[in-house]
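Below you'll find a set of structures to go through.
What follows is a pair of complexes built around chain A, which joins chain B in one and chain C in the other.
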Partner chain A sequence: MTTRVLYVLAIVFGLHLCCAAKTVEERFYEQLVLKPNHDGTVTSSFSFTTLIKDGRPRDPRTLGKEDESQHYTLFPLALGQILRDNAITELHLSLNAGKWDYLNWGYPEEDGVGTGAELWAWMAEGGPVTVDERWGNLRNALAGLFCASLGSLDEQRTTSPALTFQPEGDLPAFSSSHQLRHATLPSEHVCTENLTPFLKLLPCKSLSGIASLLNPHRLFDADWHGMGVHVRFLDHAGIEVRLSFQAVHNPVRYASDNRRDWSLRSLFDHTIEQSCPVASSSQIRVDLPRSTAAIITEPEPTARDDAVAVYDVRQLNGSLNVAMRWPDETSFEYPLGASSSPLAHMTVRRTLKGSDQYKGHLSVVITNHLMSELQTSYLETMPWLLQFYLHSLRVEHDGVSRDDLVSIVSYTPPVPHARPALLQTLLTLPPNSTLRLTMDVVKPFLRYTEHPPDAQRGWDLPPAVLMPLARDASAGGRVRRVYTPVLLVDLATPDFSMPYNVIIMSCTLIALIFGSVFNLLTRKFVAVSLRPPPPAQRVEHM
Partner chain B sequence: MDYDVAFPGLIVTRLLLAFAPLPDSLIHDHQLSTPLTSYPRLLEGLYLFRHGVDPYSGGLFRHSPLLLSLFSTALPLNRFTAALIWTASDAAAAWALVHTWRARQQVKGKTSRDSLIAAVYLLNPYILLPSLALSTSSFENTALLLSVMFAVQAQTSLSLLLLAIGTHLALTSWLYLPPLALLCLTTPVSYLASPRPLPFSSNEITRKLGTLATEYSAYLLALAGAATIVAGGVGWLDKTWGAVFTLPDLSPNVGLWWYFFTEMFDHFRPFFLMVFSIHLAVYPIPLVVKFQHDLLYAVYILTGILATFKPYPSIADAGLFVSMSVLFPETYQYLRTPFPTFLIHLHSSLLLPLFHHLWLGSGTGNANFFYASTLVWGIGMGLGVGDAVWAGLLTGIKGRFKNDADEQEWEITQE
Partner chain C sequence: MPNRFILKLRVILRGTGGDKNVTRIQRRRKLGNLAWRLYPKLQILLLLVGYAWMLTIPSSLHVQRTYIDENALQPAQVNTYWNWGDVHRADLYLEELEALRDCNASSHEIATFLSTEFRKLGIPAAMQEYTFDTRTGAVHGMNAYAVLSSPRASGTEAIVVSASRRSQTGEPNLRGVATVLSLAAYLKGSSLWAKDLVFVVSDGHLDGMQAWITAYHGVAQSNLVAEPLQLASGVIWTALNIDYPGHSFSHLGVFFEGLNGRLPNQDLINSVQRIAQYTGGVPMLVYDHKGYNELPNQESAFLPRWLPDGLRQTPEAQEYAYRAENVVRHVGFQARGRASGVHGLLHQFRIDAITLFALPAHGPHGFHAIGRVVESTLRTANNLLERLHASFFFYLLVGPTTFIKIGGYLPSALLVSVAMLFGGMGAWAHARWIPPPPANEKQEQERWIARPRPLLPALFVVCSTHALGAALFFVCATSFACAAGVPSSRAPDHLILKTLNLCLASTVVSVTSVLNFSLAATLAIALGFPLSFSTPSSSAIARLGRFTAYASLALGWLFMEDEVTQALLNWELLGVWFAPFVCIMYTPLVLQAGIVCLLSP
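This part shows the complex of A and B:
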């Protein structure tokens, strides 16, 4: 008996020691921003932030040694292990479906809205494992964690576009410098199998709090939807993990009476029944449209002003179902014509022209909506499936050739079967006008084993990323990234049933020609007499 | 027509064609230029070179660094200068061909065949079209023909230097070394009708060939050194010469490699690349042995074999074989199948662009269409080469008959 008490005491004491040695303070914040757009859609942006106070990214030079033990209560352990194992300082993963409409929906809360998967990470150099090896481990680990084909983000898609993808947090002052790795997979599609592991990373899963609205049936039915994982290090705060989900719903599509009224129940088929007990803050913010006569009905917001209404989910009594109505509208009229005040600085249209399967023409049309000149960076991270003829790059403004408006910052040419191209340029957009960039492109020919199963469908090409260098006041002076829609390139296909036939036919022809030449060169010439009838055939050797 | 009138006339015609408004698609055409000789790729390389990007860090540019330095300094490349440069190159090649003919006939001045020879080169569609498409294979042909001309004029060093330049531009040209080196040492006069062994002992041959091979290697090394200095590293080696062995770019062409290695199973690729590369090296020595009495003829046969089997052939390589045939009128009567060969060439010249367009342009045909027409092209080339070998050897046999009556009585065949 005494031994057992001592034993228990020892365990308790040991546990106490261990916890005293490592008390980590963690915080969890959740927020949902609902924004009705003028085209009748509603943008909902979920963000779930976990902060490890005074946490620091791992120094890659300690990778060979045993890591200091990590104890998390709120911070997602599965993600934390991946970050520690690969000494990742900053990480951004997004999985999106649909085309973000900057003109109607404005800038998104989270910048990464490119179609498909996008992964980028800042890592410190040094230590026993190279940056590229850690990048490989990272994408494989994340592929396993999120059930996505991130393993295909290999060196054929990896670039380092440091001009556009600056770290969002701070970089710790290790003795070695940091490096960026970035890759996109535009054909990757986000679906329920990605959302389930995503929800598992949340402290309250989808059982309570704002996360209980994350109903896959409604989210993946939205016009646009995408999830993101963002890890960054803030020097004076710690390590922050932000899980985000954005969706653009179209209430008009759901409504039987063609009205754009919406509520949490109509958008997500759920209401919030209870708050997440571990959340330090839990807010729903509703942007109030100014131009239209919209009212928010039941329940009263915790706080509101002209532009925004805020609900504090922690002070929840009963269920919460935020709703917005347009009482004066009998049916929603889709706004035709351009909006008087565009929601984005510029619009970009990128198209691939030409019907040939071995060459084409890339055209980028950028319209500056500002009344002032706008500087923007323009980034292409193009797999070798499309190769640029950079010498044919032409810039046209109002029908006049203006090659001075583009300056190439850096260019890494693609290597077939190995490496994508990286083109970073700076563009100057004259006020309130349209700039046209055109460039000839080459479509390469692939080995038959390199084609995907449905080869005739073509290949999705990653979006171009533009970064208007005008500060966006609404985003706290931060620079925005603008993604173009993805492209589809039609590459020439060989006949997939032919390998044996080709080997047989080509080899036959080669053997035939070789054989006839070899024959002529080696066999002896003889003259045979044609005089009839010889007593005995005479053969004269020559 | 008099050569003094005809030759300038031909060049002016050629120049006018170069300045004619030709469709832009010509320079992108896969039959006329390959990834190793394409003009837009050359422009891209020059652009990158001028803007401080190593053109050999990518996979698009596969031309020699020497072309890079030539066109970025001495000869700025634009539509006007390009027309002049390519015409000048063709003119030089035609001139070399005429002088090769004169040396072979042991004539110092003009001959009646000069104009015909120049015309056969300058108006040969297989030569003209790639040249109008500004394919750098024109330079390769010119280098080889000049090398042949210097060889028959017994200017050994110049010949080897030109061959080294040709090799530098297109690595497979090194296979011309055995016949060309021996051609420098022997007479260019036609001995096709009266075969005789090489007038040297085997020791002598080994010694002399060794000296020439050393000289050639020295030129080649010097050019490679210069190229390394221009390119700022040895990265160009893998992208230009390496491409001949590893076939990284599978753009379609008239040759036999591209579809074979598109369809090849990955684990057999290195093996077949090796087999195809070694196969090319099988030919020069037997040809030299068999045609030791007339090494120019061995060079001629070799152009045909390389045009059929080299990794990145264009129709310019076949054009060289066709145009060189004009140097050997004595063999014409012994050709077995000149007309079928001509018809097959005509047939495939129509099929190739048609099926190329059906596959890659309009999208109504598939890759097999174009592959099939390259096979037809291959058959045409094989037939032409085989016939040329036959006729060359038969000239020697028939030459022994004293008169036509004898010829009527004997049928020549092989055991």
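This part shows the complex of A and C:
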């Protein structure tokens, strides 16, 4: 017995000595923010942060050499390997389903709420492997890790809109500069097969702590849901990986009596039974609505003020089921008018007009809800499936053409079959009014191999991204990215269900044309006499 | 014996000559001669067969049972949860709508009420004001619409559920509107919708929807002033329009013809038929025609009285009459390019749309049945991963479960067109060749006398008649003064004119037949015989008489004042090209035939 203990101790001590050469200190924080919205929905934002203290991104110039060993206890190794193999400084991946309603739900905790998949990464240049090669490896590795079709984020969808997608962390001072790669795939849908690998990256999986609320049956029935992976480097802290999951639940839809009361059990069908032992902090924050008479029922929060109630999950005894009730309401009534203080600075409506298969126009209608002038950047990363003409960009305000409201236009035209277009401008929105932008677009003709082999529903186009440059006090001075809904464009498509008819028809035509041309080319033209032969000859022939 | 027979046949086919090439050329000549001798008979034969084929269209010869082609649709395979609570809600909406009607509420008030009700359900709603300027005066109105963004969906595709405020019967469509409101409340409760649901309550009958759908697609129309839409969704794939004017209904009738003869994909109609039968328990009709088996004691008014009773009362004859009634109604809509309901305005934007018409009756069905049918149909449309395609756009629906494929009806018009082409070719040959004088004993071979064919004068007449037709159309469309002059032309060869006339008519019929079969068939009926047998007579009075007959055929429609007004209004408001087509194609073609008769032989 004693020897065994000694043996174990020796191993532990030995291991400790091994690692003492390079001690990696890791921290894990988890947080859930629950926010009731005025349209009866509840936004839940999970965030799981792992920090490698004093970690530094890999310098791409060391890519050919052997890397330092990676011994992680909390940090997800599968992700860490991808980051180091491709020398990624900063990475953002989001997989979302649904349309984020900025007017009713306000700004999300995590900015990346565009429908479908979005991946962007900052990478340093230099070294034996180019940035584009590493970008290709990165998206393939992530596709494998998250079971998503990120491999399709190829050159035809990759752009470098560095103004809108500024790094969230710091860029290490390598001798070479950093580059951005960004791509979106709006047709990608998030589902259980993406959540399972996501949960595997968490130190407590979904067994304990806040992550035990991540019940796919409920999350994927929410009005909006999306997951994100965010890696950034902070100069004085280290490398931080933030795994996030956001969902907008609709308790009114579930309730038989049309009430908006909710609890963790009603939203997730789970409660928190035990805390995650390795978490340095584990919090549930509930935003308390100001105008309505909502009460938080048992249990009592660890801390609370007028705006927020905080539960510390680490001090958990028994199960935790946070609940909120509106005791004065018999049934929920939807707010009829627009609220006096809009939750978003502006709303954007982007539509594709026109009904023919060749031409159309892209219309973007931006309404500024503020009483002051607002400047916003406007970014289109459009695949060549829809080609717009910059000279046809028209800006209208109150029915008057106002070209002066558009400034700093930068435009990279698309290359058909190869590269997407990139348009970035700065718009000035007059106070409390609506601005209309239109651009003529052309729908190109695809080569037959470019049509997908599956059901043809049209082509999804990525969202436009706007960035209102009003410093919002509540957002900590952070500039928000606003995503428009995605679009679908119908390109001229052959009816692939009748290939045989087409083959038969064209083969017949070719045979007819070939036959007659061949006949004419090979025929010898001679004069023949049509006089009937004398009768004697006729007998001989008989 | 058989050997000798084969030898004889060989002699007939191969000729007796020794040289193979000589016999081939001789064979060709023989065939050519045969065709030359037979073509007038062949022409008549083709015409007769074509017309006879048209008569057999409603018979059971070509009829086929409908089937679902697109497997993804899975009609009537879902449990519906539309319940009496939702019916009660619809009743409450109906009460409020009736109160609004009784106090003579304005368009604006009703639209405000509707959009407020949508907002109370938590569905973003807005209104759209529009004004049409027509010759008869301005048409104002106000649409109300709501866009239910489906949970989890990206909102790139949409399904429209609509009801016009005025039914096609002319009564207010209160129950249709109440159904849409109640459906909106009910459909918001589920998360399974893969496409956005857009609810539209359009003002008027057709005008409101035209204003809404053109604004949705950003298409400008010169005589329409419509507010831009404040809410948007994605590409609309399917639309259901609910027309429920009566108190209760006995059958659901389906109306499907769109503007300019466009038809929705037949799978949609077939799905609705199956859903109505298996989920709703409501019999479906084509239009509002009840079949002979629905009216056992009533004879079809479609069979002529002079038929003997014994024949008229047979089930076969009754069935024929029922199908014929459907076909004639269909041709009436399609040939004139008219939309048979509000749905018809959507086809021009590649939306498969139909109207469900609740046939007014004392019972037994109401909100419960129509709600279930619409819910299940929406589920079916929601299943689609791609647009409906599969060339199911060409059909003649002769009964709720029976239809005729394109191969069954298209030959009828094409045969007439081919007959006209033969006539034209024959005339072309006649214009060139004059038969030899009576055979001379000494001449070894007959020689036909060739003559030049001056094409230009005839071409001038053709072009000028079409220009005249265009002018006539503009006169009609601007002042609606009925004036038509006869183009004065010198005497070109009537045969050449006839050639051009027949070939042109044949082309028009055959090209139109794949775009709008009903129009092609109507043209074939109207043009087939008259154009094929236009010949000048030697007496001037007979020539004038014939020309007058042709001219009255060409321009007789000018006296159908209601029709002309309706066609012009359709052109002006909805872009239906029936009126310009009649003026620019039909009238000139018949006038050309008249001129053929007018020319000296």
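We take it that the second predicted complex is superposed on the first by the 472 of 542 C-alpha atoms of A that agree within 3 Å, B and C clash if a C-alpha of one lies under 4 Å from a C-alpha of the other, contacts with A are read in each partner's own complex, and residues count from 1 in each chain.
Operating definition for what follows: contacts are C-beta pairs under 8 Å (C-beta built on N, C-alpha and C of every residue); 3 or more make two chains touch, one makes a residue touch a chain.
These figures come from a predicted structure and were not determined experimentally.
Undergrad: Classify the contacts of A:510 with the two partner chains as first (chain B alone), second (chain C alone), both, or neither.
TA: first
Undergrad: Name the contact category of A:495: first (chain B only), second (chain C only), both, or neither.
TA: It touches chain B and chain C both.
Undergrad: Check the residue A:394 against both partner chains and state whether it touches chain B (first), chain C (second), both, or neither.
TA: After superposing on A, A:394 lies clear of both chain B and chain C.
Undergrad: Mind working out whether A:358 is in touch with chain B, chain C, both or neither, as first, second, both or neither?
TA: A:358 contacts chain B only, not chain C.
Undergrad: Which holds for A:528: it touches chain B only (first), chain C only (second), both, or neither?
TA: Both partners, chain B and chain C.
Undergrad: Going by the contact rule set out at the top, does A:349 touch chain B (first), chain C (second), both, or neither?
TA: second
Undergrad: Once the structures are superposed on A, label A:225 by its partner contacts, choosing first (chain B), second (chain C), both or neither.
TA: A:225 sits against chain C, while chain B stays out of touch.
Undergrad: Under the contact rule defined above, give the chain A residues that sit at the interface with chain B and also at the interface with chain C.
TA: Correct list for chain A: 355, 495, 498, 526, 528-530.
Undergrad: Can you list the residues on chain C that touch chain A in the complex?
TA: Going through chain C, the ones touching chain A are 16-19, 21-22, 25-26, 116, 119-122, 149, 151-157, 188-191, 217-219, 231-232, 234-235, 348-350, 385-387, 389-391.
Undergrad: Which positions of chain A touch chain C when the two form their complex?
TA: 39-40, 97-99, 101, 115-116, 186, 220-225, 250, 252-253, 333-334, 336, 349, 351, 353-355, 361, 363, 455-458, 460, 485-488, 490, 495, 497-498, 526, 528-530, 532-533, 537-538, 541
Undergrad: Within the complex, which stretch of chain B touches chain A?
TA: These residues of chain B touch chain A: 28, 30, 40, 43-44, 46-48, 51, 53, 55, 57-61, 248-252, 256, 258-266, 279, 282-283, 286-287, 290, 305, 308-309, 359-363, 366-368, 371, 375, 378-379, 381-382, 385-386, 389-390, 393-394, 397, 400, 408-415.
Undergrad: Mind listing the chain A positions that touch chain B in their complex?
TA: The touching residues are 355-359, 384, 387, 389-392, 408, 411-418, 421, 440, 442, 444-449, 492-495, 498-499, 502-503, 505-506, 509-510, 512-514, 516-531, 540, 542.
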